[in-house]
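This is the structure I have questions about; it appears just below.
In order of appearance the chains are A, B, C, D and E, and numbering begins at 1 in each one.
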Amino acid sequence: MRSQRSRMLACLTVAGLVAVGPGITRAQDVVKFGVSTPLSGPAAPWGIPHKNATELIFDEINAQGGLDVGGKKYKLEVVAYDHKYVIAEGVATVNRLIAKDGVKYVSILGGAVVKANEEAVNEGRVLNLPLAYADGLVSPKNPLTFHSFPAPPETTSFWKWVKQNHPSLKRVATISPNDDTGWWSIKVETTFIQKLGYETVAKEFFERTMTDFNPVLLRILTQKPDVISVLASPAGSVGLIIKQARELGFKGRFIHIGQVDTSVVANIAGKANVEGMWVHGFVQTPLPERIKSWQTRYTKKYGEWNATSIDFANPAFAFVAAVKKAQSFDPKKVADALGVVEFDNLWGKAHFGGKDYYGIGNQIIYPMPFSEVKDGVATLVTQLLPPHN
Amino acid sequence: MTPALFVQSAIIGVSLGSIYILMALGLTLMFGMMHIINFAHGAVYMLGAFVIYYVFFQGGMPYFVAFVASMVLLGIFGYLVERSIYRPIKGGIEPTLVALLALTTFLQAAGYPVFGQLDKHVPPVFPGTRNILGVGISIERLMIIPVAAALVIGLYLFINNTRLGAAMRAIEQDKEAAALQGVNVHVVNGLAFAIGFALAAASGALMAPIFKLDPMMGEQPLLKAFIIIILGGLGSIPGAILGGLMLGLIDSIVATALGAEPAFLLSFVFIIMLLLFRPTGLFGYAS
Amino acid sequence: MLEVENLWVRYGTVEAVKGVSFSVPAGSIVSLIGANGAGKTTSLRALTGLVKPGAGELRFGSTSLVGLAPHQVVGLGIAHVPEGRRLFPKMTVLENLTMGAYRRSRADVASTLIMVYEHFPILKERGRQLAGSLSGGEQQMLAIARALMSRPKLLLLDEPSMGLSPIMTAEVGKIIRQINALDVSIILVEQNAMLALTLAQYGYVLQTGQLVMQGKAQDLLRDEGVKKAYLGL
Amino acid sequence: MPLLETRDLTRLFGGLAAVNGVDLTVDKGEIVGLIGPNGAGKTTCFNLLSGFLRPTRGSIVFDGEDITGLRPHQIAARGLVRTFQLTTLFQEMTALENVLLGLHLHSGKGPRQVLFSRRDFPADEIARGRDVLDFTGLAAHAHQLSRNLPHGHQRVLGIAMALAAEPRLLLLDEPVTGMNLDESGRVMDLVKTIRSRGTTILLVEHNMKAVMGTCERIVVLNFGRKLAEGTPSHVSTSPEVIQAYLGTGVAHA
Amino acid sequence: MRPKLGVPIVLATVVGLALLVPRFGGDYYVHVFALVFTNVILAASLRPSLTCGQLNIGHSAFMSIGAYTSALLAKNLAVPFEISLVCGALLAAAVGLAIGYPSLRLRGVYFAMVTVAFVEVIRLIAQLWVSLTRGMSGLSGIPKPSILGMTLTTRASQYYLVLGLTLVILLVLWKLEHSRLGLIWKSIGLGDNLAQSLGVDIARHKLLAFMLGCFFAGTAGAFYAHFIRFLFPPEFGFLMATNILVYNYVGGRGHFVGPVVGATFLSLLSEPFRGSPYETIFFSIAMLLTILFLPGGLITLPRKLAELRWWRTASSPTPSPAA
């Protein structure tokens, strides 16, 4: 009986300790910005730059005394939780940000996690600046969600350039992860390029854990494509696809639409194999001054450079700009400001738009570089705005 | 499917099967002797690949040296796992299983901070392609086949022609009788752990230059190895070889014809059907 | 050569051996007889470290066997042919024999093998056959031969006549004598009292874990008490 | 009509016949002993009778019904219950729980009683369990974990469990193994009492004193075949049996 | 042995505290504990099967079946929550029957392997049957739970729902474990031959224990679906399956509260490490240490500690009652 009771007491103590949790009280003039992102596990290469970029921008503002709103200086603070790309964790962390930390602005990474939190965000009247590829996210029913990352509909413009400058290319094969992202990007892209007169000869999907692409590629290559579009596949997968496709004798070009670091791809695929690859949203030379400076600051603070941080800084840039414009921390007012403000991100002038396409102007729009890999270096070809504004 | 495509996917299947075989052999060996399923096998595969990354790519040693280092280091690790986890649990099958699961989770989770977040890669050791029967196959894929075959033959010779190998077979058949012949059962169990781990490391090391490296890379091969040993019969070495080859071919040919996921689903359904009608696998024997 | 003093062994709550003492003089055959469950097998298992004795002293020459693992006991020159033979059924006869010499050098193995084949010519014929495919008598021969491969000074035989026909039993008896003639001491555990007592110089009768009788084998052979202990007359 | 009758009961393992053409009958109310040297096929015989092994050949008829090939629980449900040589009881349960398990066959309680009664077990079942413990002299140990009971009590508890299943024929596998004279005497007395309450008994036992003193009829097996059959005095004086037991010596060469 | 007053007091305290969580914990801890209770149901429902000696590493598959069934019924056919929950649980049990019946003759590791394979099959089906489950897009728009037509809109009301479900399920499982049925399961795990010889139809009882577990896992899944309101096939994979098994071993196999303690402890263990990338590392180390140093699970910890204290104060070793 003694042991039973003490057993129970032990459990209760654990529960109690957990309930008390980390400290809560903070000074009045600190504004908290929530980040729910994968900080561990396979998706951490996205989550870590997400958190780091946000922190870096806020730190620089804080170093200058803070953000000036209504004549008062406010310090900005990032509250980041790891959701490991697990839905239950994603929902729990966002709930924690809203219910426990009292955060009014969040940035969630990952399509499935953002979707799982759609209602929590709407019902909690919280401003969300997500980074995700997820169909249906930018929609009139999510007025407080401002998608801060170029999604497939924003990245198709380069096909016009390709059509003009490489008219011999006709047959396009697409391959993408077997998930929302993949389906959506293939759907958007095929619709777009078919209008331009291209023939889509293969639509293949692969499991994110896949490493042996030979079977998929064998199917694709029997269709004799001129170009293989890997859409926004992760860098590791792209590297393997390119390497294995070349081994199987593919001589054509590859296109990536998702800001992939071509040097990471080349590491896996081999430098020679990525030659001529087109990539949208990434450039190595000539590098704009603003990005060079960002790279220096980022590397100084965090050590390892991650090119993903360039675009993942958008939520912080947008948030700061909108608060300045609104001169208020009220999410509704900040949201209104987001709808009209024009601000600088690392590529140039950015704003939220896309009303024609989405029915609501909550999609970030900014010029993205379009590069070709020459001598192993992603060299800028042109800068392109999305097809819709 | 054209004949050329078939040949191409069949050759790739054999190469893939060779890797599967190496993975499955260690698992089946450890099961035969100790009746445990080594859930940490995938994590060991991953570590084996990372040894190549550090010793061959970062350290600049010849690939062959790194390959041997990978097998040796992970072999030692296997022996230590026997000493520090398997032995204290005293042969409890289910606690061992849970402990090995915990070890796997630990190795995977610790892998990210230790190895870094980004996918790692190892440059190809045998670059280029070769034309076989009119189709191109990458040389590094082809090279897997002889290396894996050499390891399988080596293992076969070791088990059948050496004293320790005989002791392993003896323990598999009757642990107590083996002890009565003077076999130190603990040491030989440790050896089985070492060999099992070394084989998993070898398959990881072979795959390192071909695929990319990340701490979770062992999950899929582990599931494949599970399928194989169920297919071939738990504890059966010929079964693991046949099962590995079969699965390699299914994965390549069926996946080329129908797509990767249907192939994966098919192999699982196949397994469940097989287990229901022949519970001991193709080569298994009732205990 | 072997001294067992006040040996106690328990399995859970079962006291299988309760204070048994016996000794084996060098070069002799000593037999432990008694009905099933008398504690004979358990005593042997305690000697080779297969079970841990609860109390008691086991001395082989001047070495204490208490706390040694089976492979260490074998290393001292004690071989144990367990009950039910316990061959490696999926190994050939030759491999089984080689296993018997596990702790010895290759050169020794070869010479011992010649010696063993002299005593068991049938095993030489069946060298490449799987042990599991042998007949009961042949299996018993192989079990004994395997134990001899370690060139033991002391051989523990547990129920070598079990399940054997009278002719095979006699054959086994003959072999036991031959082995003893090679200066190997033997502990013979048998239910077949006649066999055991005709072979042994000295005998111990066990009943429910205790020693109930001991004496010269010939005396025990004539003793009606032994018969009683067996048939409950 | 005999309660149990086997015809040509045979079981081969590999090519070897562990039980070979055994015809065995047990009449209602008898105590029959099944003896023989080690490896004679007694345990295999028990496993065949209780359904744990399927006979290669031959038939088993219990109370007029052919039970050949039935599964063990089906055979038990017909009133043929066995005990085991080694695993005689559930070590991690109390004595009472062991017996309650034995009552399993004859308690027709549905899920409603299981879920909505305040007690874990219906009172009448507990009472019946206690009766069995009383009868076997274990009442004082009802709530002790059976692994903590002394060996003799454990063996008796094994019999008590089987009794709780209300067998018509009880197969006892070495009930007095490892017991001293006193204990085995008491167990054999218990066996006689059980018989006097109407349960027929077939037992395998090595302790000859116990067998000879209890059984009315003894069947001797050797090499899987029936070697002899008859009263204890007949069997114990049969030269064949003595030879089978004590064995043959080796001719002094 | 059996405490007369202690258990009710402790139980009342625990339930009382649980009832107070929404009062003092705020929405977040309400959320966390709702998930803890889901895990508790999952862990406890695995116990009957484990008690029968069946190593089931596929429990999450049945959770997934319950979750998808209930979600789809409620979303597509507007079936009331109570009914969709039961349908989910029943379908999970029915699939349990279909997979359990043929695999009954498989023992130990073979059975475990079938269940591992089954997790992957169910995950792949959820992933590939896009027209039904929306595959890797994830199934969203699942209605909130309701009772008698009243939608439970607040987190707190959903929390009370799962608390109620948990208590009912634990009570049922407790009753079963302490009835003859539980005794039979235990007997099958301890010695199936002996159980058979007493007339226990072990096949039927193993199947029953397995299906019962599937039913409750399906229930937990159904609640989860309407609570999180987004289903994503990889959630119910191998990791979740092994976690459920681990809860049982870390908590302890020896007593009914084992899985409850294990699930609670391990689910809450992640809370202090939310923002840390090292959470999983701590989790796995805790698992490993428990298996190695507390083979009886966390429920034996108080006894171990008491023994330690006893050793320090006592000068002579413990006299064991058996000695």
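Heads up, the rule we're going with is that contacts are C-beta pairs under 8 Å (C-beta built on N, C-alpha and C of every residue); 3 or more make two chains touch, one makes a residue touch a chain.
From a predicted model like this one, the values you see are computed outputs, not experimental measurements.
Chemist: Which neighbours do chain C and chain D have in common?
Modeler: none
Chemist: For chain A and chain E, which third chains touch each of them?
Modeler: B
Chemist: Using the stated contact rule, I'd like to know whether B-C or A-B comes out ahead in C-beta pair count.
Modeler: Taking the two pairs in turn, the one with more contacts turns out to be A-B.
Chemist: Between chain B and chain D, tell me the centre distance in angstrom, where each centre is the average of that chain's C-alpha atoms.
Modeler: It comes to 49 Å between the two C-alpha centres.
Chemist: Using mean CA coordinates as chain centres, what's the gap between chain A and chain C in Å?
Modeler: Distance between chain centres: 75 Å.
Chemist: Quick one: report the Å distance separating chain B from chain E, using the average Cα coordinate of each chain.
Modeler: Computed from C-alpha means, the inter-chain centre distance equals 32 Å.
Chemist: Whole-Å distance, chain D centre to chain E centre, using C-alpha means?
Modeler: Averaging C-alpha atoms per chain gives centres 41 Å apart.
Chemist: Which residues belonging to chain C are in contact with no fewer than two other chains?
Modeler: Within chain C, the residues that touch at least two other chains are 13.
Chemist: Of all the residues in chain B, which ones touch at least 2 other chains?
Modeler: 109, 112, 219, 261, 264
Chemist: Quick one: which residues in chain A touch 2 or more of the other chains?
Modeler: 40-41, 44, 178
Chemist: Please list each pair of chains that are touching.
Modeler: The set of touching chain pairs is A-B, A-E, B-C, B-E, C-D, D-E.
Chemist: Which part of chain B faces chain A closely enough to touch in the complex?
Modeler: Within the complex, chain B touches chain A at residues 2, 5, 8-9, 12, 16, 109, 112, 116-119, 121, 123-124, 127, 129, 136-138, 141, 207, 211-212, 214-217, 219-220, 251-252, 255-256, 259-261, 263-264.
Chemist: Can you check the complex and tell me which residues of chain E touch chain A?
Modeler: 3, 6-7, 9-10, 13-14, 17, 24-29, 31-32, 35, 127, 135-138, 140, 155, 224, 228-232, 235, 257, 261, 264-265, 268, 271-272, 274-280, 298-299, 301-303, 306
Chemist: Which residues of chain C touch chain D once you look at their complex with the stated criterion?
Modeler: Its residues touching chain D are 12-16, 35-37, 136, 159, 161-163, 165-166, 169-170, 173-174, 177, 190-199, 208-209, 221, 227, 230-233.
Chemist: Residue numbers of chain A touching chain E in their complex, please.
Modeler: For this pair, the touching residues of chain A are 1-8, 10-12, 14-15, 17-19, 21-22, 39-41, 44, 79-82, 84, 86-88, 91-93, 95-96, 98-100, 112, 115-116, 118-119, 135, 178-180, 182-183.
Chemist: Quick check on the complex: what are the chain C residues that touch chain B?
Modeler: By the definition above, chain C touches chain B via 48, 50, 69-71, 74-75, 79-80, 82, 86-91, 95, 98-100, 102-103, 146, 150.
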